[in-house]
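Chain lettering (A, B, C, D and E) follows the sequence in which the chains are written, and residue indices restart at 1 in each chain.
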Amino acid sequence: MVPLSHYIALSAILFVIGAAGFIFRRNIITVFMCIELMLNAVNLAFMAFSRFRGNLDGQLFVFFVIVVAAAEAAVGLALIISLYRSRDTLAIDELDSMKL
Amino acid sequence: MAVTLEKIPGQEERVILSMGPQHPSTHGVLRLVLELDGETVIRSLFDIGYLHTGFEKSFEDKTYSQGITLTDRMDYLAPLSNNLAYCLAIEKLLELEIPPKAQWARVLLTELTRVGSHLVWLGTHAIDIGAMSMFLYCFREREEILRIFEMVSGQRMMTSYFRVGGLALEPPLGWLDRVKKIVDRFPERVDEYEALLTKNPIWLRRTQGVGTISAEDAIAVGLSGPSLRGSGVDWDLRKKQPYSSYDKFNFNVPTRPEGDVYARYLVRVAEIRESLKIVRQAMEGMPEGPIKANAPHIVLPDRESMKTSIEALIYHFKIVTEGFHPPVGEVYQAIESPRGELGIYMVSDGSPKPFRCHVRAPSFANLQGLAKMMEGRLIADAVACIGSIDVVLGEIDR
Amino acid sequence: MALSSDTLFLLGVAVVKVVVVLLVLLTAIAYIVWLERKLVAHIQSRWGPYRVGPYGLMQPMADGLKFLFKEDIVPLEVDRFVYWLAPFLSFTLAMLTFAVIPFGGSFKLFGHEIYLQIADLNVGLLYIFAVTSLGVYSIALAGWSSNSKYPLFGGLRSSAQMISYELSLGLAVVGTLMISGSLSLRDIVNSQTGTWHLAGTNTFLPHWNIFVQPVGFIVYFIAAIAETNRIPFDLPEGETELVGGYHTEYSSFKFAMFFMAEYANMVTVSCIATLLFFGGWHGPVFGPAWLHVLLPVFWFALKVFCFLFFYIWTRGTLPRFRYDQLMAFGWKFLLPVALLNILATSFVVAWIGT
Amino acid sequence: MVPVFYIFAALTIIAALSVILQRTPVYSALSLIVVLCSLAVLYVSLGAKFLAVIQVIVYAGAIMVLFVLVIMLLNAGRERHTEGSRLARWLGVPLLAAFLVEILSVIWNGLSSGAVAPPAPDAGPAAVGALLFRHYVLPFEVTSILILVAILGAVVLAKKQL
Amino acid sequence: MSVDLENHAALKKLRAFDPDAVEDVQAFRGELTLFIRSTKLRRAAEFLRDDPELSFDFLADLTAVDHYPNEPRFEAVYHLLSIKTAQRLRLKVRLPGDDPRVESMLPVWPAANAYEREVFDLFGIQFENHPFLRRILLPEDWEGHPLRKDYPVQGNITRWP
């Protein structure tokens, strides 16, 4: 059996990769995907803890995270589309004013 | 050719889709340039000429009789209608009297042509909307009509059977029996098509309320034939300006008020039935007598007299080598082809070749209604609209 | 870790099962194509293929060879990697679903119970849905990577269509799941053994789910036709509108992969319909022991064939929906009906349970 | 089981790096799908088959399809290289590195010794479902409202004119 | 088949409406041809379309004839049809050979659109105020106008470079 720490380490690495992408990428869709990556890192930690604690609550949290991610993707992508319509760009550097 | 839609200034970038000339549902080589918003057609332009062969110029270099073979190749789905229009125009120029048997045979054959043409339309229209079996059923039935053409003229499609002053040949014995078989069997077949489509919910959804065009718009853009009658205008040249003794036949002119794709579909299907009625009347009332007008300087003599009478031989030689000289003048003769008003505008300067022969192709005018029908509709509807006006590119590009 | 002879034996059996299933499936796909051509031809009063072999039976082989040796035309400016990936993904995913489909009962060999199924997952049905839900990518990516407008339209259309109809597809089978109380396909089939007993009398009607879930079945089958992009829902291909849809720019073997994937998906969908609603491999069984093993497989194949026949029949008969009508039909009719079906089923199940 | 974990852990990391290093959004999305699918395999190795399948169906099969669809729709090309935020560069990188080091050190010191796995809980659909609808029914209902609101929001945002 | 020139409704009404419009009248085989002055064409066309008794609302055909080398060289020919009365009428406009141009009838009969493009394409007659006067049957870069009489039937001989 793989020890818990390896799962957590993997989760941490994934999270940091996601955060790095979030900071350095300029395309708003890619940034969004990095957020998903971070969410999944957390999910992995939840699953591992659930397994090693011997109850299912962690899995339930993963379930809820997936649901929230779905809602977030729907709204976020709709925002991206409407931003693209008005600004004609996907670079977050250029999306810096509040008014559409 | 090679038209593009210019961008309207101040408008956001839209997708320009080039549909055709090599596209399965543009019925030949029609090219449409569609400006799309999502899948909705905002504007459209047609681009034609891929089949342009310069028939109108060629007419000017051929004698009147030689021109008949060119007309076959314009509307290749209704060659006999083209033959008829062309011959009628010349006969009007010459003021020729055509014997009744030739008239009746002409009516019979052009109506069969109409049925055949509508069958091709029905098959291709159905396959555009996705009903693929219809295509093969229609072609199976059309085959029987083509066999009749082959029987009388020796050709299935490029018939060139009508001549100035009558028919080219005496139709073979027993041809009317073959016609009778078709007339007896066809109504049943048409019922079969209707069973597959007329009340099919998917077909109704795809055609009802699609490509609507009002009667005023239809007249303004010059629609004719079933496309015009689908908008509720009771206009059929066979009734309104009878030619070739159509006034002696009893038939109805189906019209529908809705003006959508479904209405045009119903009109054409009803027309198939009406045409069959006319064919039956022509078949039953076929008079006896000559098949050519009594005008030896215009009409070729039959082989028998050519070989026995010196006079006939001289006429034959004159007509074949030089042609005939119609009086100076100009005529416009329109007939109701399967697609609408097929007009021939013939200008004669007294020489054996037409000075100018212009063809008013019904599809060419009908094409102008397309933009109106497709506006604001989806691509799939655009396909249904193209099918519903029944374009034949050979006739549009001429 | 030393492998015992038992483990080795089971491993060998698993490999044999995978190979046999793959071979049978590929042959079946080839002959479904033949069957479709032949049947549609007869519907349309034609002959269909009849030159290669008796009744054109070798036609699939000829077609396969032709696809293999045709020139593979890759248009300029395509996204090479994705363009290559899409057909492979499509074909692989289509094949993967068969891992959990049981096609017969079980028999004993050298003291081991051997099930006629590659893997019996306890979430087998969900596994199938998971794999088919990935199938959208192959089509969407094919449309995108071709760098051409018609495939892009096809790709966009089919993504939207498959996502929409997946919902109805998933919800339609929930009723049967409630009745059998399991997600394992083997358990679902086993819950349909025997005949219906109504008010104490044996009705001789087989104990199939179709008799209690007709609405679920109809919704399932309509959604399944849409999922596999067949007439009257074949808009992503819609050859008279979008030329060929997502596979317009594909040729040669890449096209063949899409083609085979489509037919493999048809088989998958028919298999699931058989398993969930028509009692899987259950049917009259008689005769010697070997017949007891083979007859269920035959019944299973027969039922699947009936669905395939239905597929082909609709193809020969119906026109095609329009894009917006398709979406409206999926969301405004199919989905509510599926939901109502679940509601009604759950009430009935709860009522019987008390 | 052990090699499965390391193979897929390595795959996950490579794919995750590919997500942030690819210049073309479609490739990023494809890499993310690989991450999600290999995570699903890891879930299976943790005994959670149901959640693994849900991960594939919902995450890979629905959410990522939306991403791919939007990328196709907006025809997002290669990303232009820009300077980026200076704050992110000078503050973000050290902080991220510190965070990674911190977590790894905590794991190294605290977790590697203890944590013996108890027998795997039954994580089938029935068990998850029972927990979800008994113990967590209120959060479940709240998420359903969240989803509803998200749908409405998405429709309002994406519609050109209402 | 003869036409009563004096009592023909269209002719009488048009003459009453604008005595200058009709240049010449011809009748042949029961068909009436009115020669209209090119400056008056638009007014005459609108009158013929809008007059409730005539209502020539259907432009059946529009073409041209080239009388090379005679002058005026071109004739633009309009075939009108009244759906209401089932009457036909032919209008003709004589155009000079050096700069043939005539007003576009697009505002009167939208059907004129494609016909005018065709006539422009094949005869080189300019239709003023036509919004999209481009070649329709021939390629954009085609030289010459094939239906002119001075254009050889077999086409211009192309010299390959």
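The working rule: contacts are C-beta pairs under 8 Å (C-beta built on N, C-alpha and C of every residue); 3 or more make two chains touch, one makes a residue touch a chain.
What you see is a predicted model, and the numbers here were worked out from it, not measured in a lab.
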item: Other chains in touch with both subunit B and subunit D; value: C
item: Pair exhibiting more inter-chain C-beta contacts, C-D or B-E; value: B-E
item: Chain at maximum distance from subunit D, centres defined as averaged CA atoms; value: E
item: Remotest chain, subunit A as reference, centres from CA atoms; value: E
item: Approximate Å spacing (C-alpha centroids) for the pair subunit B, subunit E; value: 24
item: Inter-chain centre distance, subunit B versus subunit C - centres from mean C-alpha coordinates, in Å; value: 47
item: Cα-centroid distance, subunit A relative to subunit B, in whole angstrom; value: 64
item: Cα-centroid distance, subunit A relative to subunit D, in whole angstrom; value: 6
item: Numbers and ranges of subunit C residues touching at least 2 other chains; value: none
item: Set of subunit D residues in contact with two or more other chains; value: 50, 54, 62, 71, 73
item: Contacts with 2+ other chains: residues of subunit E; value: none
item: Arrangement of touching chains [line / ring / star / complete / other]; value: line
item: Contact pairs between chains, per stated definition; value: A-D, B-C, B-E, C-D
item: Partner subunit D, residues of subunit C touching it in the complex; value: 79, 81-82, 85, 121-123, 126-127, 129-131, 133-134, 136-137, 140-141, 143-144, 152, 155-156, 159-160, 163, 166, 183
item: Parts of subunit D lying in touch with subunit A, wherever the complex brings them together; value: 1-2, 5-6, 9, 12-13, 16-17, 19-20, 25, 28-29, 32, 35-36, 39, 42-43, 45-48, 50-51, 54-55, 58-59, 62-63, 66-67, 70-71, 73-74, 76, 79-82, 84-85, 88-89, 92-93, 96, 99-100, 103-104, 107-108, 111-112, 115, 117-121, 123, 127-128, 131-132, 135-136, 139, 143, 146-147, 149-151, 153-158, 160
item: Touching residues on subunit A, where the partner in the complex is subunit D; value: 1-10, 12-14, 16-21, 23-27, 29-30, 32-34, 36-37, 40, 43-44, 47-48, 50-57, 59-60, 62-64, 66-75, 77-82, 84-85, 90-91, 93
item: Contact set on subunit B toward subunit E in their complex; value: 1-3, 48-49, 52, 54, 56-58, 60-61, 92-93, 95, 219-222, 233, 235, 240-241, 329-332, 334, 341, 343, 345, 347, 355-356, 358, 360, 364-365, 367-368, 397-398
item: In the complex, subunit C residues that touch subunit B; value: 40, 43-46, 149-150, 153, 157, 231-232, 234-235, 238-243, 315-325
